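Dropping the structures in below, format is structure tokens.
Below, chain A partners chain B and then partners chain C, in two separate complexes.
Our next item is the complex of A and B:
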């Protein structure tokens, strides 16, 4: 892919090339340190992967960025704004959308409605106008746009089906569609390949690349599927026990001894090898 | 046969009111997971409010409209001021139960304090027997079918319910606000994630329920011809039975449930003399039966949780 020209955007990025800056973020649950002074940044238009063993704090960081958990210390700056001052329901409007590890859709709503909800922050139809029906053209436009996103993710044929009862891989695509419907700047994917078949994972990697270009996204993903991470990431941040232990492009991270150690354990861990 | 049809018609008239109040219960249950014990007394207050407007020269139709508007504001305020502080995550469900019991008593007492402790005559927003110049009550009839006639009262109550259902359908299915309300009902955490102001939606839910309750309360009062402090207590029991029968999370269930409960009521007290003085047995028996046989109600969804 052609690397995005950093000087191209007319709206000058307020803080250089970084869309998201995580600085010294710490999270404690009682005595447990989930994140410990984590610092890294994500460049605009890049695909950044967050990897590390289970319990390293990856999902915790996601929850801090989406304001589900409070940060005990540090700061998160998104697009020049202090993200930790934004209320949880303001995150989508700020330009961040995410998917969840276990899929958090609205089971009772149709697939199309699930995606339309994602576009919720897009238009502004107030209570009274919505009640009186003046929001009609707006609603129609939102529905059309949601439909076109469904088409791009090959879900259009399911639009009127309730989300409940569809296969897991399909639900993950619906959740992705919902995230895209809010027209985010930053798309956060929590283990998008989890539970998918081998073929689906290959397709997912291509889809993420394609969507990044089509929707002008910056992507942050948490993923255990190493082949996919190495294939699609521009930048990888490795966490272990809430700390950043390595960072860099895939080829650098892959050969970092600290990363190998975190994943495979040291020899005296008694791995029980041959 | 005529008698049977007459009982059915009485049932439909009452059923419209039970269904409307059950709808109010369902709306709050769906958005907050709470059973609003004070729903009936909130409706009583609104009915008194309608009556109060009519005593100041406001025509009954307009009086009910004013009452609905003010009740919606009141409902939103109640959610914000009384309910939200005791329903924060991690707090016991018992807290909100106590608050609702308190509201039940307080709103009834406030109604009596502000308005009247007696039964007050409530004008009807439809033609009735007592209209001047029509002593035989011909104008009270909407439609004649053989020997029985559908009265304006039954017609007006049924039409009100139909209008209410249509309004709710359009609101919930066709507007963005409705989509947001359904999303909050389906999954509050995800709703917040996609940028829905869930706490505002809770207020909207309560406002809608209070408005519907105001309509139901005013219609009951008009149908009975008077508004008195005990007006809604019994109606609420029937509405609970209707909601339980239909399934607490289903608006369609509330309407069907309301009709079934009311028709069962009018048939049993019509045909079974022994029950005519203890007619409350009917809704209680229905509630018990539903809870034993099909706890999710006729239209309710079984909640399946992923763990």
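Our next item is the complex of A and C:
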């Protein structure tokens, strides 16, 4: 897998242009409107943050992009492809990986195997080859690649431990490693700083930046930790009641009166960035 | 001594014992051990489905029955050699497995258990309706000589034992390969966290149906072998498929869910226990199921993760993995949440 770089130029221009286009996406659960005509774009190679009060529809959007929830209206285009026609298990192959707000690892597998499962789309061994024992070369290759990802996230010493019973911050890093294993173009992080200590949050911000460059990623994150959002984002989209109320670079969003009223006014914790 | 050495030594000793057994024991006992071997195959099939993939089935007696009748009918009325019927039994059981596995995608946990239970209850009825054995009942008994030893230096019971055990060993090896491959990890991922499994690109439906088919094939092969050992495929007893289904599950649980050797250990214990409790109290045979049950309860109480699961933990503590764990983490030995979870009870 190491040879052909999946992020190479062939498909689309690597710089500029939108990687993900969300156009008029609406989601309704019975009478509840979770997303209401949401429209925005994420530029290739950028770090985009989705912020807003609890219940604004941020995770709902993640679940629409992951195809876990159906969109009632609108369209989602990823890399020139209509994402709403892709089945849920096809999203990873299309180039999107994500983490979950409360961590969704596989506790019955070791840390290394969790990351190897993350590389599922990179392999091709099925039932027949698996049974007769022809899975070894692929296994070894995946183990080596997963190990290198674990090393880059400082998790290599945990490789053979079960992915359970570890500190929450560690589990979140393991989940991040799993997401990276599929070599995604778009990495979606659902509250990556949630539950981390102050020091860990600083480290996380640096890590996200570094990974973006190393893995050639575009990042979409949902986050409540304003200091981190302001520090690392290129672009911020603010949601309230399923609607976009503002968007732009951090400087602009921070001073937008609507945003301050809806969100920052209540959530600013005093260290809200430079 | 590191853990690899210990494993190899234990493995070699077990292999020698298993291969020497038919020369040591009486034919009656060889038959009993053969029964344990085919039982182990069915239990391994169920273990792949329930232990590794998290889909509960109390209907594997039906797949076992499909395999048994396929084999018995092909030998008895179509003149096939017994060995040739084994793949046919596997394929037919797998087809039925797919037919059950697809609708099973819509149900989980206890509901799935009930659906598969229905399968076990239904099987003898269907069998009685469509199968006419000798005397018009759903009982097919191929002639005894169909299963005669093909090697002059082996008596029939030895031959049958070795054939069953070698097929079981092969199928266990295949299962071991599988669970350590990409598909095996996908099976466990689907069991542990279905949503996350799908977001990393696992086609959950395909993995589940595929596992169902494979699991049914194992049960079908076990059924075919049971015809050789018990010399009959039987659907006259409406409770047989049901009882088999339960016993496969029991073998998996007392052996150790989601382990490779667990089903074999569980099957052996189950078969021996059944035989020993049967005649334990002269003249009080009605009590034997109670003793049998009490023994099972005791076993689960002492080793809740099954014999292999429990011993594996002990083994892990006696021979820690060489990749040294940091001092702080190494002490966290008996953490119930860390070892192979038994998903069977937790699925919503």
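The rule is short, and it goes like this: the second predicted complex is superposed on the first by the 248 of 274 C-alpha atoms of A that agree within 3 Å, B and C clash if a C-alpha of one lies under 4 Å from a C-alpha of the other, contacts with A are read in each partner's own complex, and residues count from 1 in each chain.
Everything below uses one rule, namely that a contact is a pair of C-beta atoms (placed from the backbone, for glycine too) under 8 Å apart; a residue touches a chain by one contact, two chains touch by 3 or more.
Since the model is a prediction, treat every value here as computed from it, not as a measurement.
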| item | value |
| --- | --- |
| Superposed partners chain B and chain C on chain A - clash or fit | clash |
| Touching partner for A:253 - first (chain B), second (chain C), both, neither | neither |
| Contacts of A:102 with chain B and chain C, given as first, second, both or neither | first |
| Partner chain(s) touched by A:220 [first = chain B, second = chain C, both, neither] | neither |
| Touched partner set for A:117, first chain B, second chain C, both or neither | both |
| Partner chain(s) touched by A:161 [first = chain B, second = chain C, both, neither] | second |
| Partner touching more residues of chain A, whether chain B or chain C | C |
| Partner chain(s) touched by A:66 [first = chain B, second = chain C, both, neither] | both |
| Residues of chain A at both interfaces, chain B in one complex, chain C in the other | 66, 68, 88-93, 97-98, 100, 104-109, 113, 116-118, 120-121, 123, 125, 127, 130-131, 133, 135, 138-139, 142, 178, 182 |
| Interfacial residue positions of chain C with respect to chain A in the complex | 173-175, 177-178, 180-186, 188-189, 191-193, 195-204, 210, 214, 258, 321, 323, 325-326, 329, 332, 335, 337-341, 343 |
| Residues on chain B engaged by chain A in the complex (per definition of touch) | 170-171, 174-180, 182-183, 185-187, 189-198, 204, 301, 306 |
| Residue ranges of chain A touching chain B (in the complex, touch as defined) | 66, 68, 88-93, 97-98, 100, 102, 104-109, 113, 116-118, 120-121, 123, 125, 127, 130-131, 133, 135, 138-139, 142, 178, 182 |
| For the chain A and chain C complex, residues of the former touching the latter | 66, 68, 87-93, 97-98, 100, 104-109, 113, 116-118, 120-121, 123-127, 129-133, 135, 138-139, 142, 157-162, 164-165, 178, 182 |
